[in-house]
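See the structures that follow.
One chain, chain A, appears in both complexes that follow, with chain B as partner in the first and chain C in the second.
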Partner chain A sequence: MNKLVIADPGKCIGCRTCEIACVLAHSAADAMVRMSPASFNPRLRVVKTTTVSTPVQCRQCEDAPCAVVCPTGTLVLRNNTVQVIPSRCIGCKSCMIACRFGVIEVLPCEATLSDRPLVSGTHVEAVKCDLCENRANGPACVEVCPTKAISVIDAALFAQAGRKRREHAAMVQAACSPGEYPGQVGN
Partner chain B sequence: MAEKVLTVCPYCGAGCKMNLLVEDGAIVGAEGAHGVTNEGELCLKGYYGWDFLNDTKLLTPRLKKPLLRRHRGEDLKEVSWDEAIQFTASRLQEIKHKYGADSIMLTGSARGSGNESNYVMQKFTRAVIGTNNIDHCARVCHAPSVAGLQATVGNGAMSNSIVEIEDTKCIFVFGYNAADSHPIVARRIVRAKEKGAKIVVCDPRLIETARIADLYLPIKNGCNMALVNAFGNVLIEENLYNREFVAKYTEGFDEYKAVVAKYTPEFVEKIAGVSAAQIRQAMRIYAAAPSATILWGMGVTQWGQGVSVVKGLSALALLTGNLGRPNVGVGPVRGQNNVQGTCDMGVLPNVFPGYQKVTDPEARAKFAGAWGVSTLPANPGYCLTEVPRLVKRGKLKAYYVFGEDPAQSDPDLAGIREALEEMELVVVQDIFMNKTAVFADVILPSTSWGEHEGVYTCADRGFQRFNKAIEPKGDVKPDWEILSLLATAMGYPMKYKNTKEIWDELRELCPLFSGATYERMEGLGYVQWPCPAPEHPGTQYLYSGSKFDMPNGKGILSAAEWIPPFDKLDEEFPVILCTVREVGHYSARTMTGNCRALQSLADEPGYLQINSADARKHGIDDQQLVWISSRRGKVLVRAQVTDRANEGAVYMTYQWWVGACNELTADHFDPVSKTPEYKYTAARLESIKDQAAAEAYLQTQYNAMREKLASVVGN
Partner chain C sequence: MPTITLNGQTQEVPEGMSVLEAARMAGIDIPTLCHHEALGAYGACRVCVVWAEGPGQRPGLTAACTTPVSNGLAVQTESAAVQSARRVIFELLLGRSPESESLRSIAKRYGVTSTPYGEGARHDLCVRCGLCVRACREKIGTAAISFAGRGQGRDVSTEFGALSELCIGCGACAAVCPTGMIRVKDSGGERVILRDDLTIARFPLLTCTSCRAPLVTEKFMDLRLQGLPDGQSEVLCLDCKRKRTAATAESFANIWS
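Showing the complex of A and B:
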């Protein structure tokens, strides 16, 4: 099962520290000197509706629609995540159309990030949450979130949480004695 | 490998300990340290708010040389420190001799300077100039909290501590947006919720805390006193108050009861815009909790009757016995990193350091003796917000502005500009060129946070040391050194070796602080005042044993009649403008506006938060530029359509130059604290058809303002 970064809207305070951490984690070392509003493209974005605040980012779908529709094989499954091979991206935006969460974008990028020769126009790259694949401490957003609203869930955690929830369900079930209801199994 | 320098974040009052990462004499990053209040966490300003030290010039340049003009109308020119000090000293002397010491007004700085420089500033004001005319930006923020709490429980600070917030069983939030103002305090609220605390929020906007609240009261702008009275009414009428506590530890119950009697929930419904049932429910939750904490911010204080509302909130805590023990209390959460400290240091017109009154002959004699002067002025001085009126009346002739930007932060900016032009002498001591410095005759450049050391006091009375990480660039000096040179030039020899020497002098003079030595604050050391002796552990919560800091030890129950807001809505100005904060920018923005990451998140002209129904009514789309005007001015701003804003009111933040909401606000004050009513201005919105032209106008205006300020420094 793929792992993903996910936030708890009950803990998010909408401060956007995660957005800056994300941009810096995916920039060259001198990013703090070169950052500008135009180059500020975090891979998770804090959404604030009337009643919800939370960062939204890639769910690392098992049957990823972005990968399915990509004509050049830019999106691949690697280390239980969906990853981008930038040199293959032609900027066709099929992935943006296919993604149900709005969390993959095709953005202009610097030539140095892509080894594909340019046919025309500008270099582009599909950009999405990569769980900070190349970062020693893992996802930067998880590390900086001041309320610890963001975490990584992998197969083991899913299994553990599922077990806990089923245990809780069992307790609830015992407490409400379904057997006493007429028409239930056993009657 | 980067060297780590342990310091304290220079932004809000949460007091977060952090490490600056230094490589080859430059800061390259920041990380959280395990301070008492932040436990290793930082918010975006802590992590990414240090690169202004590299003089990025994104907004405004660093000041690197003293600048001087001998005549108005001339350009400011670079001069030597000697020339700048001699000029300033002789001009201050001339004005003092001609008009008297009380014709000079000075400010302290609640920001990066630290407690030692503020102590020296008030000493310079009182002992050298000879006036109590000293004040700082607490006047425009939590001054009503200080006045209201001193009058009812005796001490103007947070009664309990930031660490206790997560262990209270009920958090009662009134006009306080922790997520935007203090993310690291908001973190404690989130944790309290996780630990099972009930959360009640009173705010006209659906703020982050309201999202997770058990009960949210979407109140009408301007109802505060009526609503707080209704809360008191419910506690008494429903017999929810603590009779024993009230009888033993408070006084004034009968008078209090008489005032709140008419403020029944049914009577207040219409004023507050929430149902009587909601008002009752709020108090039932608050009173039922075994421990409850009230937190408030500018939504309580920036009103014409802020002091009375603070007294009213204090009464709720007294009625329910939520004072004098852990995890309870009254919590005015201070905004700037050292605004608590600047109050502690006596940078106020009525008190010496350690809250010793200037009207007390014994205190005057003590300070006069220690400072080697025969007398000290006995009358309380002027308040910051009175400056424009006093200039008009010919009372003030010189203004020494230290680490503040009144031409951005005060209400009715046109009035401030007139006052600054009218003054015979304006001295600005700062790290950045700012809007006030445009009016200066002398600019004295100082070292910044990161370039000097000292002690800050965070919001919950905690003293912490901050340290120097890098060498300053340019011909700049620490604030206390500049003031010492000036004092000496004015015939009062003043010399300190370092900040520790200053700190030890003030500890000697202030019983509240005397046990807080530099040694105890080493590393992650955290000492909360009162701390009267070196062996005293410091005070996590005040009023232990329900003994209040009043002459007879009793808390005073106080209520006042509700007064409607000053500015009136009419056909011409039918919308309420309320000024608020945003998380990524701080104060007048000279620091955060020069940080690349923070500037990337939000830039000119700033946002106008507006409800979708109001936006539709005015024909305004999300992200469009719009005009907003009041009886005092007109500015351009960008609409942010959100139903977190209530209908009939719009919200702006005060740090923008083009979208400067203080061009619109009124200089109407609380009569006691002289704090302006920033939260209620009658305004009018106009949509703009030609958005492209408006965007071009915005860029032209912004560039022109930037160039104007940069040209003064000659960059």
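Showing the complex of A and C:
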């Protein structure tokens, strides 16, 4: 079971602190100095509509459609997450179209040319939430959210949630009279 | 596992690796223009030149990307012979594409800022690395572009230089092009793929089913998303997908509260 970062829209106040933390967590140390609107590409995006405000990020799908359609094996399953091997990306954007959540992007990466000691042909790469794989304290967005709206859900929490809902369903059923069925279970 | 010597350092490397991959694994800097991890070794640009000798390898200069490692192989990546050969290779490439910024910047890193070659010759941005041709053929599986012509007339081209019927408009060719010779232009609901002055293909773009923004070509949807189960491919732009994700986030979050 894959783990994922998920936000509670009920707690999100739309401050975008998570977006900034995301960019900083995935940038070189001098990112603040070099940052520009073009290079500000957080892997999670706060969506604000008239009814909801919440960051949206990769769901780490078990059958990841992005990985299914990728012709170069750029998207791989690693440590129960879907991860990108940027040097393999050829920029065909199949993943972008395949993703149902709109959370993988193919972006021009100036970093690829300047940070690498070697010039390969790669000018673009697929970018998505990597659960801050290389960060000691885990996802930066989870850490900075002022309302604690963002959390990491793993297999154990999934199982726990399932157990709770079954218990709830059982209680509802037990409260019914014989021959009667609960109208709504798990609410 | 074969043992090789890289700049005097002995090292065990996995069977089947190229000298280039082995050197990069060891943190040794070898420049490349035509190498891409997703594509097969090609040996077109020659800037990864190294000196190699060993059993089964005649002592001499060779392209690191196409030379496989073998037991007892000794490789020099920075000897005087390698440096001078690399300089000439960069000069020749600069003679071909003096305006290419990425080529100039990598050449400069290896001390080459001017070239005695190329006067009176054809100049363009294309360094003939073949990345576009290979990405299209090997990974997209369409082979819409290929090399045509010989010598100075060798160019990336479509079939007979006409608008390609095979191109699906994905733009991977432009994404891997190290010099910007191949470009994708989206405007007025139309996508045009260009190699310099040659129009590779021209497509009307399908529009996002929600906001009507031009998004993707029909051929791309037909060919690139075949691997998905039925009904799982949709023409919806990133913003509209994210909005939908946000709208369903409420119920999703309820699962663990």
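Rule of thumb we're sticking to: the second predicted complex is superposed on the first by the 166 of 187 C-alpha atoms of A that agree within 3 Å, B and C clash if a C-alpha of one lies under 4 Å from a C-alpha of the other, contacts with A are read in each partner's own complex, and residues count from 1 in each chain.
As a working rule, a contact is a pair of C-beta atoms (placed from the backbone, for glycine too) under 8 Å apart; a residue touches a chain by one contact, two chains touch by 3 or more.
Since the structure is predicted, the reported quantities are computational estimates derived from the model, not experimental observations.
Chemist: Report clash or fit for the pair chain B and chain C bound to chain A in the combined superposed model.
Modeler: fit
Chemist: What is the contact status of A:Asn134 with respect to chain B (first) and chain C (second): first, second, both, or neither?
Modeler: Neither: A:Asn134 stays clear of chain B and chain C.
Chemist: Can A:Thr147 be said to touch chain B (first), chain C (second), both, or neither?
Modeler: first
Chemist: According to the stated criteria, A:Ile13 is in contact with first (chain B), second (chain C), both, or neither; which is it?
Modeler: A:Ile13 contacts chain B only, not chain C.
Chemist: What's your read, chain B or chain C touching more residues of chain A?
Modeler: With both complexes superposed on chain A, more residues of chain A are touched by C.
Chemist: Now for A:Val33: first (chain B), second (chain C), both, or neither, which partner does it touch?
Modeler: first
Chemist: Touch check for A:Ser177: first (chain B), second (chain C), both, or neither?
Modeler: After superposition on chain A, A:Ser177 lies in contact with neither partner.
Chemist: Looking at A:Val69 after the superposition, I want to know if it touches chain B, chain C, both of them or none. Which is it: first, second, both, neither?
Modeler: second
Chemist: Looking at A:Ala98 after the superposition, I want to know if it touches chain B, chain C, both of them or none. Which is it: first, second, both, neither?
Modeler: second
Chemist: A:Leu157 in the overlay: touching chain B, chain C, both, or neither? Say first, second, both or neither.
Modeler: second
Chemist: Contact-wise, after the overlay, does A:Ala21 reach chain B, chain C, both or neither (first, second, both, neither)?
Modeler: First partner only.
Chemist: Between chain B and chain C, what is the tightest CA to CA spacing in Å in the combined model?
Modeler: 10
Chemist: Can you give me the overlap between the chain B contact set and the chain C contact set on chain A?
Modeler: 9-10, 51-53
Chemist: What does chain C use to touch chain A in their complex?
Modeler: 24, 29-39, 102, 105-106, 129, 131, 135, 139-141, 170-172, 174-178, 215-216, 220-221, 224-225, 227-228, 232-247, 249-250, 252-253, 255-257
Chemist: Using the touch rule from the top, collect the residues of chain A that touch chain B in their complex.
Modeler: 9-17, 19-21, 23-24, 32-37, 39-40, 48, 50-53, 144, 146-147, 149
Chemist: Quick check: in the complex, which residue numbers of chain B touch chain A?
Modeler: Touching chain A from chain B are residues 28-29, 41-44, 47-48, 51, 54, 178-179, 183-184, 186-187, 190, 193-194, 206, 208, 211-212, 583-584, 596-597, 599-601, 603, 642-644.
Chemist: Spell out the part of chain A that touches chain C in their complex, as residue ranges.
Modeler: Within the complex, chain A contacts chain C at residues 6-10, 45, 47, 49, 51-54, 56, 65, 68-69, 71-74, 85, 87-94, 96-103, 105-106, 113, 117-124, 151, 153, 157, 160-161, 165.
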